[in-house]
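Notes to accompany the following structure.
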Amino acid sequence: MKYIVAIIQPDCLNAAMDELGKQGVDLVTVTEVMGHGRQKGEAQVYRGHKEAGRLLRKIKLEIAVNDDYVDKTISAITTATRTEQIGDGKIFVLPLEQCARIRTGEVGPVAIG
Amino acid sequence: MKRLITTFLFLLAALAFPGIVMGAEEPSSLNKGDTAWMLTATALVLLMTPGLAFFYGGLVRRKNILSVLMQCFMCMCLMTVIWVLVGYSLAFSDEHMLGGMFGNFKHLFLSGVGYDGNIPDQLFMIFQGMFAIITPALILGAFAERMKFTGFCIFMSLWLLLVYCPVCHWVWGGATGFFGLGEDGALDFAGGTVVHVNAGIAALVATFVLGKRQGYPGKISPPHNLPFAVLGAGLLWFGWFGFNAGSALAANGSAVNAFVVTQVATAMAGLTWSIIERIRNGKTTVLGMITGAVAGLVAITPAAGSVNAMGALGVGAGAGLICYIFVAAIKPAFGYDDSLDVFGVHGIGGIWGALAAGLWATNAVPGNETNGLFYGNPEQIGIQIKAIVYTLVWSGVVSFILFKVVDAVFGIKASEHEERIGLDLTEHAEAAYTVVE
Amino acid sequence: MKRLITTFLFLLAALAFPGIVMGAEEPSSLNKGDTAWMLTATALVLLMTPGLAFFYGGLVRRKNILSVLMQCFMCMCLMTVIWVLVGYSLAFSDEHMLGGMFGNFKHLFLSGVGYDGNIPDQLFMIFQGMFAIITPALILGAFAERMKFTGFCIFMSLWLLLVYCPVCHWVWGGATGFFGLGEDGALDFAGGTVVHVNAGIAALVATFVLGKRQGYPGKISPPHNLPFAVLGAGLLWFGWFGFNAGSALAANGSAVNAFVVTQVATAMAGLTWSIIERIRNGKTTVLGMITGAVAGLVAITPAAGSVNAMGALGVGAGAGLICYIFVAAIKPAFGYDDSLDVFGVHGIGGIWGALAAGLWATNAVPGNETNGLFYGNPEQIGIQIKAIVYTLVWSGVVSFILFKVVDAVFGIKASEHEERIGLDLTEHAEAAYTVVE
Amino acid sequence: MKRLITTFLFLLAALAFPGIVMGAEEPSSLNKGDTAWMLTATALVLLMTPGLAFFYGGLVRRKNILSVLMQCFMCMCLMTVIWVLVGYSLAFSDEHMLGGMFGNFKHLFLSGVGYDGNIPDQLFMIFQGMFAIITPALILGAFAERMKFTGFCIFMSLWLLLVYCPVCHWVWGGATGFFGLGEDGALDFAGGTVVHVNAGIAALVATFVLGKRQGYPGKISPPHNLPFAVLGAGLLWFGWFGFNAGSALAANGSAVNAFVVTQVATAMAGLTWSIIERIRNGKTTVLGMITGAVAGLVAITPAAGSVNAMGALGVGAGAGLICYIFVAAIKPAFGYDDSLDVFGVHGIGGIWGALAAGLWATNAVPGNETNGLFYGNPEQIGIQIKAIVYTLVWSGVVSFILFKVVDAVFGIKASEHEERIGLDLTEHAEAAYTVVE
Amino acid sequence: MKYIVAIIQPDCLNAAMDELGKQGVDLVTVTEVMGHGRQKGEAQVYRGHKEAGRLLRKIKLEIAVNDDYVDKTISAITTATRTEQIGDGKIFVLPLEQCARIRTGEVGPVAIG
Amino acid sequence: MKYIVAIIQPDCLNAAMDELGKQGVDLVTVTEVMGHGRQKGEAQVYRGHKEAGRLLRKIKLEIAVNDDYVDKTISAITTATRTEQIGDGKIFVLPLEQCARIRTGEVGPVAIG
């Protein structure tokens, strides 16, 4: 099992979820985050005081999947969010050792979906 | 910095010996009760623009709220200055230019606007000035989230002078002959045509010139802060009493009637919208409720001086129903992107209200001598339609030309990148809310 | 859609020939100073309901704020319509029904409510209409976060007619004989019994009929947006000047006194609450401060026409102390779930205020001829108690029956699932704030 | 709990027989139009303090907003009580103490403050009471995010009595001789020196006594909620009409002029600030716009009774320019931490406004007989400077002593730990917003 | 060492923290997230425009524990948050390689608690 | 590759990002979280109702790095945020199996920076 973390542009969230749904990846956890990357933030000015404004709003997706879904997940996200403009984001894959569904107590691969 | 100081010193000098004598001793003619009410009413109308700012600001995406607030506050500043310098004169001089289309420059720099009269002319001038602020501000809901700020400022300044001032002159400013809508007897107590139809059609034109937001209609997020929109609606409702009951220009029976019907029509329109939603979707929404209420406020505006409370129920119910149909069915069918439904609520609501004034007007209302269709005077409808059509045509055509000209010279549409990041950061170098601390 | 249009056309027709003649020429009897103030005061009272919406809305959990705002705005719409159709007549007809319990139908559809008088009757009607909006709205704090919206609308409509209108009639509407509380000389300047005791006891009844929220008391999250509650408190304070000083129905010494004592009692109550918190917990809280201030506003309401500024210090200090004890000690001891302490603040504060009017009333206050206990008239306390008891009994019993009936027919309690998700989504299909964009 | 009840019973007894007779029958001398306007104006001034609370509260970090709101509301409570007990007497008795520095105790507990006069004395008293609330509240922006609450309450109480009351007495309270600034003919219509210079210099002193916030200037986060600041600015603008036009104490030509110039100067100042930003940074900011507008409101305050609309353009443009230079260039150069630029906006804006009144004053304005420099009376500038200097010296010195004394006795600076966690939690045991639910 | 991530219902946060405390698991980081799972979101309507409303508010707990605490942690969370209704949530266990306490510079298992 | 998660005090965010920048670690994702640790939260009172107030505002940094950057990253964060007062925070290092840049499709170590 893998734990996939993707950082994407906020306006791509809907598209990403649609595409994931098509690939049968229905379960996902979404967090609002701020990113500092190659895409530079916008400078800000407050009463003459300037701020570098290093952070930009991003969306983090977390998706636990069984191993055979990893590629589908990555390609679904990529398809939905790639604009080829700087700031599109990243996908990280972490190993996942265990997974449990609270409601039923099921554990392992069966609990993921 | 040097440049600034020079500019300032220049300004100072220019203002130091202002040649223009502005008023006189306190006149005995002033009615204190009327003046007291009109001071209050004027302050209330001022508050409507911050109210509108929150009504609109709560409905856009988080990344654009400041741009909306900024545009509203810029209207409060810019329109005031233009109004006292020249706008008031163009709208309310009793001498006309260009065949009665405009007033003339008699009151330039408020020259000859004194402290006389039942309420002082200066008070009437500033009361009207507040209308000249909110009318352009109404339009901005149509192009919210995608208009460049510099273009906005230029467009609005020109629009005030070339669209608002003449229409205002025709209806309230004493225009005669071809443009004499007021002379005709058109019922527009507080600005159904001058304010709402006028702003509404300009808004519609804007949506066509500017085009859609990226991702519209499918992928536009919902309102980022509905409580702000509700706050704005509350302030609008409150301030609107100044707008409508203040338009009596006195604390008299006409003001009282305007106050009552404003409350009744607004309540009825909010209720109507909610009932329709309940029937269609099984659930009532807050956004529907406040949209309905604003539609009611709009619709009663032209009619506030001529219909009574029972008529107001009709005006309100009609406003809720017609605006609902427009916003929820007709607009999506056409597919243009009027971001915050300025045309659907103000344009359509204003047209309905102007017509409704021609339906329910009754001379039983103090200060009103005109009856409407339901009280035996079918001609009034024709007069109302004429006023609506004049406004639609003039405002539609001139707004279109202005948009095109300003676009050509300054650019009006934010770039794709700016729209994506949001106008708060790209146009104003600020973020509305911090995430950290 | 078709159904809607038919309904609308029907409504239109019904309103087209409204038989009812509503007023006349502008009367010479109208006092413009008084009218100016009463127009303002009426607008101020309208603003109190959005103020209340934010005061309450900031205190609930994030998932329920829209439901609170919606209920407040629905009161603004629904109560207005009911009031002009029939409520005003039931409350303020000078002819009585059912042994003086209600006014009669003389002013149905505002028939005979004209533009005459020192302030026009229409103005009095709409000023009172604003009271008829906020009183039911006060109750909703008790069952916030768990009441179904349809049941809410039905209950509130009935409550206005069957509870508010009669109590209003007894105290202000000229009831005589058994129900003649006003005739008795009960001091209730701006609604201590009619508004606050009345709403407070209905609120208490509601908590018993509806039961607790899930997880109450241990697991209810704190207020989700305290600044909103502070904003609401600020608007309430501001609007309350219209409520209390407007109840003089004129811009006279009585209004001035009401204004002054409103400010003083509110300040003293806020201060008292803060001092108590400082002594007990070592820290003052914002929620305590604004709760105390509202308690002060409530308590001075009945007494605003009869106590002076020094008396107002006593009224305010008592309000802060007594409501604190009730909210922080007595309520938790009983353990019922009055979500936003409507009974503790409005019920108890109103009772205290009605009693306090009987203590500090002095005929040195302009427009008041009644002395209280401290000025040598112990009987007044008895009269005050009678008014309180009548209100508690009538409102308590009828509210209970109404809740039970509405529950049986429509259902009033949100399901466990709905409560968990939050009423914004389940009842209104909206979220207050977006997380993304 | 016992202790509380005893205290309360004591208070009750003390207030029960208040010896003081407070007024009389309704006097025939009262002007209802003027009274109507002054009731409204007073309510508007009250609203300014919640407005200020949001203006300031939106600009601090999220962890400190409640402390700002609390300090504002505490001013509303504490200052009111002090004012009616003793402050009004010290400021407005027509008999003087200490060589005319203070009024005497003639009106202690409002003794002898009746319901007579064109507007009742009680109304004048409460109108002035609202000024006594907001003036101390202005100061708190300077030490926001680091002042302890107990010290705050003590300092503010003393400041009202020892700084505000005397300065108010000199300018408006009828002081004669050495302190007779009003007698001199100093133009301060609505409080340029009494309110803004006074609070501004106290604010500056505060920043030196308290020192900087941790991490200032580099690491202070930007405003946590700019829409709140905009809301506050909107309410301030609205309320300021009561402040300035109310200072005419009547609904007359002077009030109308004050209203007009308030609108014009504010608009011009907001516009000026935006234009400067546009020139310097290429972008206009919302914070700049509202800061400019507030600077305009401040600057027109002393001049509102003596300059006309064209003069107001000069006052506003100067306010925008000078305050901008101060806030964006001079303050950073000095490096002191005036958290919310109270000195830069209110102090500097007030000084500029007081001078500007000496420049553009013209007797063409109703109710004003004094000309300024530009109308041929150069002496007026000297008189204005004297008033400014008196205020700067007295307020500067006494505020400094008060801060030091209160610091020694109670402590005024929050600890490093408290500053880090935020004053909301450490001083008030509350969080403004929940993260969960 | 393990890094445990749990997605739970917002109204279960207090219960979960109480139960964790009882098991001696005192340190936890809490994030507000939005979840898309088997529990369907509520549809929304804005001026007639309908939204699927796929996301529901959830709470994410992150807890770094030593290996012998893993089971206790999982069972504490389960006990506190299971209602047997859809939407109860999931628990994920990720491997944790290193842990450092900033204040002291301690690293490894000792730094966790 | 490693996935580094750090929980720090909110007022140290700027310092941490400066210091990371100096070490050449430029890309980071920031989340607002609430922490329960040794540093106790502040008790709260709402109309007499007391809350333990167990949670305090914290900032979470997530940084994906190649293996040779791990130490630099940890020491940069530590340098910038250590005040030796309780509540300074923690750093967790998780294994990272894969990393992809959405914009270009690059994968592996090259996609991290």
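The letters A, B, C, D, E and F name the chains in turn, as written, and every chain counts its residues from 1.
Everything that follows uses one rule, which is that contacts are C-beta pairs under 8 Å (C-beta built on N, C-alpha and C of every residue); 3 or more make two chains touch, one makes a residue touch a chain.
Every value quoted in this text rests on a predicted model; they were computed, and no experiment measured them.
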Same-site or different-site touching of chain A by its copy chain F, using the half cut: different
Listed pair (C-E, D-E or A-C) duplicating the D-F contact set, over half by residue number: C-E
Pair with more cross-chain C-beta pairs in contact, given A-E and A-B: A-E
Whole-Å gap between the CA centroids of chain C and chain D: 33
Chain B and chain F, separation of their C-alpha mean positions in angstrom: 49
Mean-CA-position distance for chain D and chain A (Å): 50
Where chain E touches two or more other chains, by residue: 11, 30-32, 34, 44-46, 55, 57, 85, 94-95
Contacts with 2+ other chains: residues of chain C: 31-34, 36-37, 40, 63, 222-223, 225, 231, 251, 281, 283, 285, 287, 329, 429-431, 435-437
Contact graph of the chains (line, ring, star, complete, other): complete
Chain B residues touching chain E - in the complex, by the definition given at the top: 217, 222-223, 277, 281, 283, 285, 287-288, 291, 324, 327-329, 332, 341
Parts of chain D lying in touch with chain B, wherever the complex brings them together: 31-34, 36-37, 40, 44, 61-63, 221-227, 230-231, 233-235, 237-238, 241-242, 245, 250-257, 259-260, 263-264, 266-268, 270-271, 274, 276, 279, 281, 283-287, 289-290, 293, 308-311, 313-314, 317-318, 321, 325, 329, 359-360, 362, 364-367, 374
List of chain A residues in touch with chain D within their complex: 44-49, 51
For the chain A and chain B complex, residues of the former touching the latter: 9, 11, 14-15, 32, 34, 42-46, 53, 55-57, 85
Contact set on chain C toward chain A in their complex: 435-437
